[in-house]
Amino acid sequence: MLELSGVERHFGGLKVLQGVNLAIPQGGVFGLIGPNGAGKTTVFNLITGLQQPDGGAIRFDGRDLSGLKPHQITRLGLARTFQNIRIFKGMSLLENVMVGQHSHLRYGALGLLLASAGFRSQELRARERARELLSWVGLESQADEVADKLSYGDQRKLELARALATEPRLLLLDEPVAGMNSAEKDEIMGVIRAIAARGFTVFMIEHDMKFVMGLCEQIAVLNFGQIIALGRPDEIRSNPQVIEAYLGRDDDDAGPAAGQGERA
Amino acid sequence: MSTPQQDQSQLSDDLAVAAGASPHHEEPAHSSQLGQPLLQVRDLRVAYGQIQAVKGISFDLPLGRITTLVGANGAGKSTTLLALSGLVKKAGGSVDFDGQDLSTMAPHRIVQSGVVQVAEGRATLTTLTVHENLELGAYTRRIGKAEREAEIERIYQLFPRLKERAGGLAGNMSGGEQQMLAIGRALMAKPRLLLLDEPSMGLAPIIVQDIFRTLREINRSGLTIFLVEQNVRQALKIADRAYVLETGRIVLEGSGQQLLGDPKVQEAYLGH
Amino acid sequence: MEAFDNFWAVYSNLVLTLGTNALLALSIYLTLSCGMLAMANAAFMGIGAYAAALLTMNYEAPFALALAGGMAAPALAAFAIGKPTLRLSGVYLAMATLAFGEVVRIAILNTESITGGALGLNGIPPSTQWWHVALVLVLVLFGLWRLNRSRIGRAFEAIKEDDTAAGLMGIDVAGHKLLAFVLGAMIAGLAGALNAHLTFFIGPNEYGFDRGVEILTMAILGGINGLLGPVLGAVTLTLLPELLRSLNDFRLVFNGLILVLIVLFLPQGVWDPVRLRQWFKRKGGQA
Amino acid sequence: ADLKIGVAAALSGGAAQYGAAIRNGFQLAAEQINAAGGINGNKIQLVIEDEQGKKEEAINVFKKLVFQDKVLMIFGPTLSNSAQASNPIAQASKTVVFGTSNTADGITSIGDHVFRNSVTEADVLPETLKMAIKKANVKKVAVLYGNDDVFTKSGYDNFKKALADLNLPVTSTETFAKGDVDFKAQLTKIKAGNPDAIVLSALIAEGAPIMVQARQLGINVPFIGGNGMNSVKVFDLAKDKSDGLYVGSPWSIENQTDANRKFVVAYTAKYKMAPDQFAAQAYDGLYVASQALKTVKLSGNLADDRKALRDALPAVKWTGATGAFQFRRASDKAGKPAGYDAQQAAIVSVTQAGRFVIQK
Amino acid sequence: MLEQQLVNALSLGSVYALFALGFTLIFGVLGVVNLSHGAVFMVGAYGALQVINHFGFPLWAGLLFAFLLCGLLGLAIDFLVLKPLRARGAPHLIPMIATIGVGIAINSAMQGIFGAENLRFPAGTVSEESLTLGGLHLTALELGIVLLSFVLMGALMLSLKRTQLGRAMRAIAESPKAAYLLGINVEGLFYLTSFAAAGLGGLAGVLIGLYSNALFPLMGQPMLHKGIAVIILGGLGDVRGAMLGGLFLGFAEVLSIAYIGSDMRDAVAFGFLFLVLLLRPKGLFGSLQERKV
């Protein structure tokens, strides 16, 4: 459903992405891994319209995304979370999620001013939906708290709920479990599985191998701005190039992928 | 271009030197005995307004050892570290560092006395270049430019990725690159006690391995380390001593190996 | 009743100034609530005042029409400069909008045949009645209150917190910023139009830098966490010099110091619901 | 009983230096009048309020004076802009408002309760120009004025008209803004036109530096100044660069009439500084009003007393610090009779070695 | 005439730059648009005037006195107003509003004490005769202002760019928390900055007061307006930018007087500022930086 062909991106003289080709099929969970600074987040930035590619094309459901503003892309059914958490800290959890529903609320200026029936029912439905999404990630009990007070891990969950609120068909997650412990990772893994099961397609960046391998049907590996490998988790795990550049040979007991994959 | 996948032992040596574990490293004044407490925390309490984040914890950091503090999100780990560095107000308790009382000291004095922290979220200076960040790492040390540059060169050998981007603004670095920078910068201060808040967060597996390996190396050459981690398995593996923090209280303590084997820990933090 | 008549005779103008100042504070509140430090409100007020006054004086327009003109003219100006300007952020936006204000002021100074230049416009009929101001204030407050409780209010707040993230929530960031800017300009223009018909005279220097800063100060001082803040800020800042009248030569010294003290000791501004609630709780607890 | 007279003056803000001088003038006059037994045995009680030089404040102050303090009449406000806004209040409440410093056109067309003894520049500037032409052989001039201030701008308008009437060519017209510190760019441009004199409509804070900087650029032609330049401050501020400034005004510190000498001496003794034109006009203003008050029989009914004062005022003739004075009826926009302007002869003087020298 | 106008522009630009240096410094490090800087500037002029008038100080001593007096005033403002606001982490608009209050209080207090009249330095404090070089007129004072502003800029720039102290100041400007973690005495440097910036403001007050020859309580306000434009043009907090911004504004004003008409001067200057900001949103010399996502 999402297709990158020959995507280039430079920062000054630095070629961050060089001819990246990638196709994310509908349904399931797709992973993107690679060393720090390989350009993974940049891929997300290009897809969501925060940055423009210097070459190549990005298509979503066959539609060229070039020149579209972030909000237009979001309205096409794409949503994301951020590597450095970017929730709306001054707003309550519920409001955070309701912001995500912005483009799905349709009432005119008049309806708004007069608090028409349509206005009220839509607002009510949005509120209920927001509570439901918060409960998916296990934050419903804190719905009216200010988001700033959440711990790091909970902020990530909130970001996830907020992204879901835009009703995306494709969800981009940039390191969704960074800073979480394994119990929480398991929880999030469950949430993402549930999301995927509901028919959302998930495209995810993550350094935690246990997490990635456990969730993804397919994984692409980016190194120095180029895709160096693409395949099922077990293929990736044993790819010597990937081990060399990314996974490393863990001399600890648990073997390469699982051992150091506790977190990252 | 070089990848971090270089000669590991070479790297660790460099790191050890960079961390100030070399022979010319100053010896601590009082607790010169390995294993004697370098830092003693008693009944530390911190509150944010009404919320009690740390509710009276006590622990020791033995000289030359790695001590780790693990716990769930929001348990109060980062708060504890910030309190040690004097960045959040303590509601009570005492912190004794090698005979000095840190609990009333200004943050910059704490750093000057040798307690250096790599904070959560990295706190890199985004508007300064990578190189300038490293230069500032040595702020508390009155050393000449030549010496400083030599030490920065060692950090670069440790993280070649940083050398490639030396003149770039730190804010433009990828998440992982910033993490490397933060650690490198802390080492530039030649700490006597290094506080690390989730140093492996956001790093590629291969770098994580490097970091844990090098932490162990620096430690072997004499640096005392206090490590806060959610990567519990790794942390416990390298730790001499470990504490488990839950909602602001220490609920378990023991050696790293003991806790690794503890069923409660396994259940709560190590997963399957 | 006579006491009231007397009071009204002396203070009617002050009370009405309170009203128009409250409108101005609300106009900048609107852009602040969308995360923009836009300081063109003084200029928009001026454009509104001149447009309305010229309509009344040269075309003998009915008052309602003059007010409408006083809203439309600044709205158009805001729309025209909004698109390029609102890409700026923080102090840079403040500065660009201040610079726009200066350009407007100088344009008024140099179009003497229409605006009277530095001499201003004299003899504007005093058509503004107390209930005009009251009605307008109530309507604006109501409109903003409704806005705040809708998706648009949430979008403004989200943009204020983090406009990149807001854009990725499907919010048309540029569009909403422009909306806030234009609405703010309309309210400021309305305040200008009402004010012009209250004081017989308007001149270009009333709408300069100092007025811009004063408007901002009213809003911040009152607190921008809700609608009552800017209104209270306007009240405070308008009444303070009157209350300090007896201090004569040194009254502005106290005026300044009180400003500092409010900022120091009322972190959220004069209107701070959280603090008030705590305060009442404590009181209640004692009782 | 005391006679309550309101004074609205700008005692703080940018116009405070005029407001302060005006207040001094009134206080001096009130003191003298009261010391001499008051008016028909009644003492004058001044109610002085600060209007900050802002129109809203002026309105507030006027309302307070009219309705709360219940004064017989009001002096002020300091600036013409404020007067445009506040004088209608007095007019509507049938209270005399008497300006001593408002020179802009149209103030007295507000209504028949509006008086002023400040001579408008329309009357004075042609005299100043003629004298300068005569004495300094001026054939063409450059013009420099502050274009963002009512006072200097209306001064310029009057200069412009007078220059046109006199058929005097203008080499260039330049402007500056309040608060500028550097005028060399304008002066350099003026210098290039080689004028015989520079017509200057400025307040002293900018006017004095302009004279200094002109001399520094090697421009040594005379200056012809408006009302704002008529102050001994110019010697203080421009020091040895102050020579060659022509100013015209009914009042000059060097005017050696008895009334003026008495005023200058008393003022200097009381305030430890030399008076300026603003002080002199305020001083005379209160004397003019007191002449009218002497003829009024106070009834105790405020409205009646105010009306009586209003009716008595136009007939007053008085010779004070500013010389012989009487009122002249002004008309409103429609040409119907309105308030009262001042009718006075102007004295033109030129600065020489730190003094104003009256030109004949 | 063009040559003379260029000289005029240089000296006007230096006047603006001189004022803007302290102003931009305090923004650069404390992140505060200090709207009391105009008042501090005025206090410097009045302070020097007092000691020169009453104690017969020579000019250099007057300058030194103004520097110290204003430095202490800056410290007091920092200690009493800015520090408590920092301690509670108030967003940057709040200290700006507080400094408006401080400015009003200082301006009105000075007016209450010294009156609203125009004052000036005694004749002969500096020579007012101009040096004539090949038909160009320039006073010693102007020359001094031009040189001093360049020297001060150079010194500030060197110390900010090349030294640990300068790097530390930039670190603080970005994140006091990160600076603390590096062992930087953040509060100490805040004080130092407030002292130095206000001291520079005082120096500027004396020199510009000498230049215009008219001191009055509100003399700082018009300067403040221009100063804001200057530091924005140059890129906020950037010392070199303040200098270049000052010169840019000086040249824009003088050349528009010379070739467009003096009544369009401010329109041209501010129109330019408006345009510059649209084309370069961080000022002429501010570094454009993309935000990391």
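By letter and in written order, the chains are A, B, C, D and E; residue numbering begins at 1 in each of them.
Just so it is clear, contacts are C-beta pairs under 8 Å (C-beta built on N, C-alpha and C of every residue); 3 or more make two chains touch, one makes a residue touch a chain.
As the structure is a prediction and not an experimental result, all values here were calculated from the model.
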item	value
Contact distance in steps, from subunit B to subunit D	2
Intersection of contact partners for subunit D and subunit E	C
Chain pair, A-B or B-E, that carries the greater number of C-beta contacts	A-B
Most remote chain, CA-based centroid, reference being subunit A	D
Inter-chain centre distance, subunit A versus subunit C - centres from mean C-alpha coordinates, in Å	41
Subunit A and subunit D: spacing of chain centres that average the CA atoms, whole Å	73
Distance from subunit C to subunit B - Cα centre to Cα centre, in angstrom	51
Inter-centroid spacing, subunit E versus subunit C (mean Cα positions, whole Å)	30
Touching two or more other chains - residues of subunit E	108, 111, 221, 263, 266, 290-293
Multi-chain contact residues (two or more partners), subunit A	41, 50, 82-84
Where subunit C touches two or more other chains at once, by residue number	109, 164, 249, 251-252
Parts of subunit D lying in touch with subunit E, wherever the complex brings them together	12-14, 16-17, 19-20, 147, 174-182, 184-186, 188-189, 191-192, 204-206, 208-209, 212, 216-218, 233, 236-241, 273
Contacting residues of subunit E [partner subunit D, same complex]	1, 4-5, 8-9, 11-12, 15, 108, 111, 115-118, 120, 123, 128-130, 132, 137, 139, 208, 211-214, 216-219, 221-223, 253-254, 257-258, 262-263, 265-266
Subunit A-facing residues of subunit B, complex	1, 3-5, 51, 70-74, 120-121, 161, 168, 172-177, 179-180, 198, 200-210, 229-234, 237, 268-271
Touch list for subunit E against partner subunit B, complex	164, 167-168, 170-171, 173-175, 177-178, 180-188, 289-292
Subunit A contact footprint on subunit C (complex, rising order)	142-143, 146-147, 150-152, 154-155, 157-158, 160-162, 164-174
